[in-house]
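The following blocks contain the structures, represented as structure tokens.
Here chain A shows up in two complexes: once beside chain B, once beside chain C.
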Partner chain A sequence: MASSPVLEIDGLTTSVDGLKILDGVSFSVGDGEVVGVVGESGSGKSMTALSSMRLLPNSVAVTSGRILFEGTDLLGLSEAAMRRIRGDRIAMIFQEPMSSLNPVLTVGEQIVETLTWHRGMARAEARRRAVELLDLVEIPAAAKRISDYPHQLSGGMRQRVMIAIALACEPKLLIADEPTTALDVTVQAQVLDLLRGLRRELAMSVMLITHDLGVVAEFADRVVVLYAGRVAETAPVKALFRAPAHPYTQGLLASIPPLDGPLAQPRPIPGSVPALADMPGGCRFHPRCAVAIDRCAVVQPPFFPLDPGHETACWLAGAGGVP
Partner chain B sequence: MTHPVLLKVEGLTKHFGGRPGLFRAQRPVLRAVDGVDLVVHRGETLGIVGESGCGKSTMGRLLVRLLDATGGKVEFDGVDLLSLKGRALTAVRRDLGMVFQDPWASLDGRMTVRDIIAEPLDIHRAATGADRRRRVAELLDVVGLPASAADKHPHQFSGGQRQRIGIARALSLRPRFIVLDEAVSALDVSVQAQILQLLGDLQAEFGLTFLFISHNLAVVRNIADRVAVMYLGRIVESGPTQALFDAPRHPYTQALLSAIPVPDPERPRRRVVLKGDVPSALAPPAGCRFHTRCPIAQEICRQTPPVVTVGPDHTAACHFADSPLTAS
Partner chain C sequence: MASLIIRRLASALPVLLLVSLISFVLIWLVPGDAAAELAGPSASPEELAHIRTDLGLDQPVWIQALHWYRNLLHGDLGQSLLLGRSVAAAILERLPVTLSLTGFALVITLLFGIGSGTIAALKRNSWIDQAVMMTALVGLSLPDFWLGLVAIYVFSVALGWFPTGGFVAFGDSPVGWLQTTTLPAIALALTQTGLLARMTRSSLLEVLSQDYIRTAWAKGLPGRIVILKHALLNIAVPVLTVLGISIGILFSGAVVIESVFAIPGVGRLIIDAVLRRDLPVIQGGILIIGVFMVTVNIAVDLLYAAFDPRVRHEH
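After this line comes the complex of A and B, so read on.
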């Protein structure tokens, strides 16, 4: 990450009815970098993605923080200015392609719409480009498929169409929210291969939101671990899996049943993610943490740097002994 | 496995459609389960894996008689399960339990936890009054929930706790055989491990026999004694868990295993990426059903594949299961 980051999220706090969903989330996505944002349900990972697209539901308010995209604070832009960026410089793909594609438009129409709106392309030219894009995402017989409606495609093909739409304007940043979660594992492998190739080819930065640590291990350069609306740990991908520093990250890794090697009984984290209405004080993980000390229940830990690019919000890491 | 056989399945099929529809003379036939043979031993966990549409859930429902089979034979503890009717069927149902995937959809939100857990007891008139209360308290304790949970409603619980309620309900009539259909798939990974642990404990305590259906191979490896891999309504490979994971013989099993993202960025992967999608069960390919996506398919694969035994108890329905052509 030599140059300045493409996206910099700084102290992002969002709330609903006065309850904080995100609480001071900060991380950045470098030029050409894939940053995996992982966490369980309720960790705030999708909320982070939607904030970056300025697509938060009306009930959710950003109460503080900045989201700098190529130096511009997206939170300060007018809706009209944001609409020009969304789908053009920043694109997003969602988990469930069937509910994010328009069922009454052909897939060709949906790509053409993006190109004419953002690029002012003539329809014939946009249509040619749409075929190229479907080719790019490896949809067989693209020239024919362009007239299909979403329901005529399989789940994997629909996700490819979503990717084609997202890439239509060659975005600088792609936000992928659980892009392969709804897909079968053999199809997931195809789509991940495709995304890997495309981001290299198009030199895109990617924010990859997922609950699947396997997907992160295979695709991300750097990882941000979220827990209950706060960043627990940030690390280069190898460091995170080799030496996870936060007890939550450690617990998460230990709870995955291994696919090969010796059969180790997965060790669950006791309890469950706290509800928004009764967030514990201090470190939000302390009620489930096996190594918590008194201070953890009272004072929120700051970030302690461990190695370059690796930091964690845990008092024990700060005390010198990585727990 | 030296344990006696509890469940023996032969040529089980379930076809949907086919009968004349309202606007059409003949609807197309969907071959959801199309000739499945398997054996489940007493006290073991048989894992069923496969991708969406392979027929694994349909099969699970056939085995607890939630669906009626089109053909085949299921012997449960010596009884011909598929031909049972009326009182005999009701009696055998007490031995069969089921846990569903989605603990949000499978529990009635207007009922108290007590009534949800006791509903099977009510239906079978198995316990009333103080007996019923005692049994519910017992079941809550067994699945690790406090007795105070009985008077609450499902929405007051987290996903993992709801799945515990679903398990308590499935256990209420003291069944011997339980089908768990993606029972941990909707849960967060840290909670998933809690439920897997609970299932292991329950099996040991009550000598239960599980059919554990899942698309998650890592979870199945962890809980199953033996595994059967399904593809388009048929079992393509089955064997003891370790043998199947260490040396998969069917190219589909190999592809499935290699496609799973592994949480270790420093491990080199050799991946078999399959082309295309699973064909429709309305028109399954002739011969070996996998041949349209198989990286090593030959001419012979267009004919019906034989079941090739590759080891004790380990079978693979592939012409090349024993040949060096397979990419293992």
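After this line comes the complex of A and C, so read on.
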């Protein structure tokens, strides 16, 4: 991790009707770093991403915490100031390429408007830049495709257009919310390759939201594992796969069938993420945890550092014996 | 796009043929002998014979039909029995009156329907939203002729702001035109405005929850661009659908409103013709309304394609 992080989320807590969705989430994204944020649905991954864009639904309120972007607390900015950052310094791509593009505007227009708005470019210049961007995301015959409407493109092509829109202003931070989940497996690999190349080329930091540990293994430098609105474990990607410390992380890893080695039955974690209204006390994972001890049900575990950059919120790790 | 226009025009032909056939057959739908009905009980046999010849009723049906269509192609809708002039001339003279009234009502409908529907959607569940939706519901529920009568009583008789009726052509005096058409246009437009406001609100609420609107916000675009460009362009199709129906209702609603406000338009012409059994004028009136509806429908179809690329590419 670089010395000064691009994004630093510090004790972020959000709630709906008094129920906490995120509870003290803290992690940072370093300069040029790709941080994977993983967890089951309902763990608060997308909520974390939308909070960083200040695009939470009206029903969700940030009750405490800070989101520092290049040292500025985004939560303290006016809406107008936030708009200048959104789409320019921080850009986001979404899971659903089929529905995330406006069906009545050409893909060119949807890129051009970002450039004219944020960069004050003349339309002709913005259009030239849009063709370059479509080239950059490897869309063939970009100069022709620019006049196409979204329904004339395949899902993979649309996600490339979404990426082109996000990269239009060369953002410092790209938030990618399940960017490949809705795509065919072969297209997934292509889009992931593309993102990896672009991130190097443009020296971006990336917050990669996904439930897919395979994507994390391929793309991320560091991983943040979320469970029920809390961070369970943070680790460099290699350490996470080699020595997962939190029983939840171990469960996630055990639930994917190995591609090499002896064929073993994948073991899913029993139960499911608890509902917001009845979150268990203590460690939120303890009802599903096979190795829980008495204290887990009562006291929320703090973070125990294991190695540099590797820490976990589990009492067993604190007891010295990694289970 | 060109092929779409040609296809739409071609598909309108059978409809026009049917409308003209219905107008033609109308004369046979009058119970008993049309000529005797027209002439009244005190008519002499000579008068009866004269009317029969005028209407061509002494000819075989196919000859009559042939005449009807041949005349139609020449723009000849026959002679009015009572006005002493051709039906086409009578309609053409009054068409601008009705079109200017309907057009004014349409502008009111568009402005206030889409405007208030948009505001209601953006201020969802606030008192503004509730006030707009309540007003729209009231507007929807009140018959236009009743509104017209109340408007005359309040604004013309009691307050004296507007004349109680009559019509001044725009070309003669724009101010006079505004004075004579404002009340009838509002009375005519209110129902359709209410309808369009509700339609706009519900379509917009649906669009605002779409992923591409979230994308637009994520680009950092200001609210006015997100709403006016990204959201409103996407409600064009449902709004146009309602609008196509509304324009037809406005045009035929003008028939009643013109009578309430003593406006000498096509509507008044048709009502007078019905009351006085001026058959050729009724036939011409039906035809003109039919042609108007078909034209509006073609226009709406073409506008669908203009607003929505997915419709455009289907063809």
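Miscellaneous remarks
One rule holds for everything that comes next: the second predicted complex is superposed on the first by the 322 of 323 C-alpha atoms of A that agree within 3 Å, B and C clash if a C-alpha of one lies under 4 Å from a C-alpha of the other, contacts with A are read in each partner's own complex, and residues count from 1 in each chain.
Here, contacts are C-beta pairs under 8 Å (C-beta built on N, C-alpha and C of every residue); 3 or more make two chains touch, one makes a residue touch a chain.
The structure presented is a predicted model; accordingly, all values stated were derived computationally and were not measured.
Of the two partner chains placed around the shared chain by superposition, chain B is the only one that A:S272 touches, whereas chain C remains out of contact. Within the superposed three-chain model, A:Q190 lies in touch with chain B and out of touch with chain C [touch as defined at top].
When the shared chain is aligned, chain B comes close enough to touch A:L213, but chain C does not. Touch criterion met: A:S255 reaches chain B, while chain C stays clear of it.
When chain B and chain C are set side by side, the one touching more residues of chain A is B. Of the two partner chains, neither chain B nor chain C is touched by A:S78. Touch criterion not met for A:S59: it reaches neither chain B nor chain C. Overlap of the chain B and chain C contact sets on chain A: empty, with no shared residue. Across the complex, chain A is touched by residues 51-52, 158-161, 188-194, 196-197, 215, 217-219, 221-222, 245-246, 255-266, 269, 271, 273-274, 277-278 of chain B.
Those residues of chain A whose C-beta lies close enough to touch chain C in the complex are 53, 55, 82-88, 91-92, 94, 96, 99-106, 113-114, 117-118, 149, 151-152, 162, 165. Of all residues in chain C, only 210-212, 214-222, 225, 229-230, 233-234, 236, 307-310, 313 touch chain A in the complex they form. Chain A meets chain B in the complex at residues 40-41, 154, 156-157, 184-190, 192-193, 211-219, 237-238, 241-242, 251-253, 255-260, 263, 265-270, 272-273.
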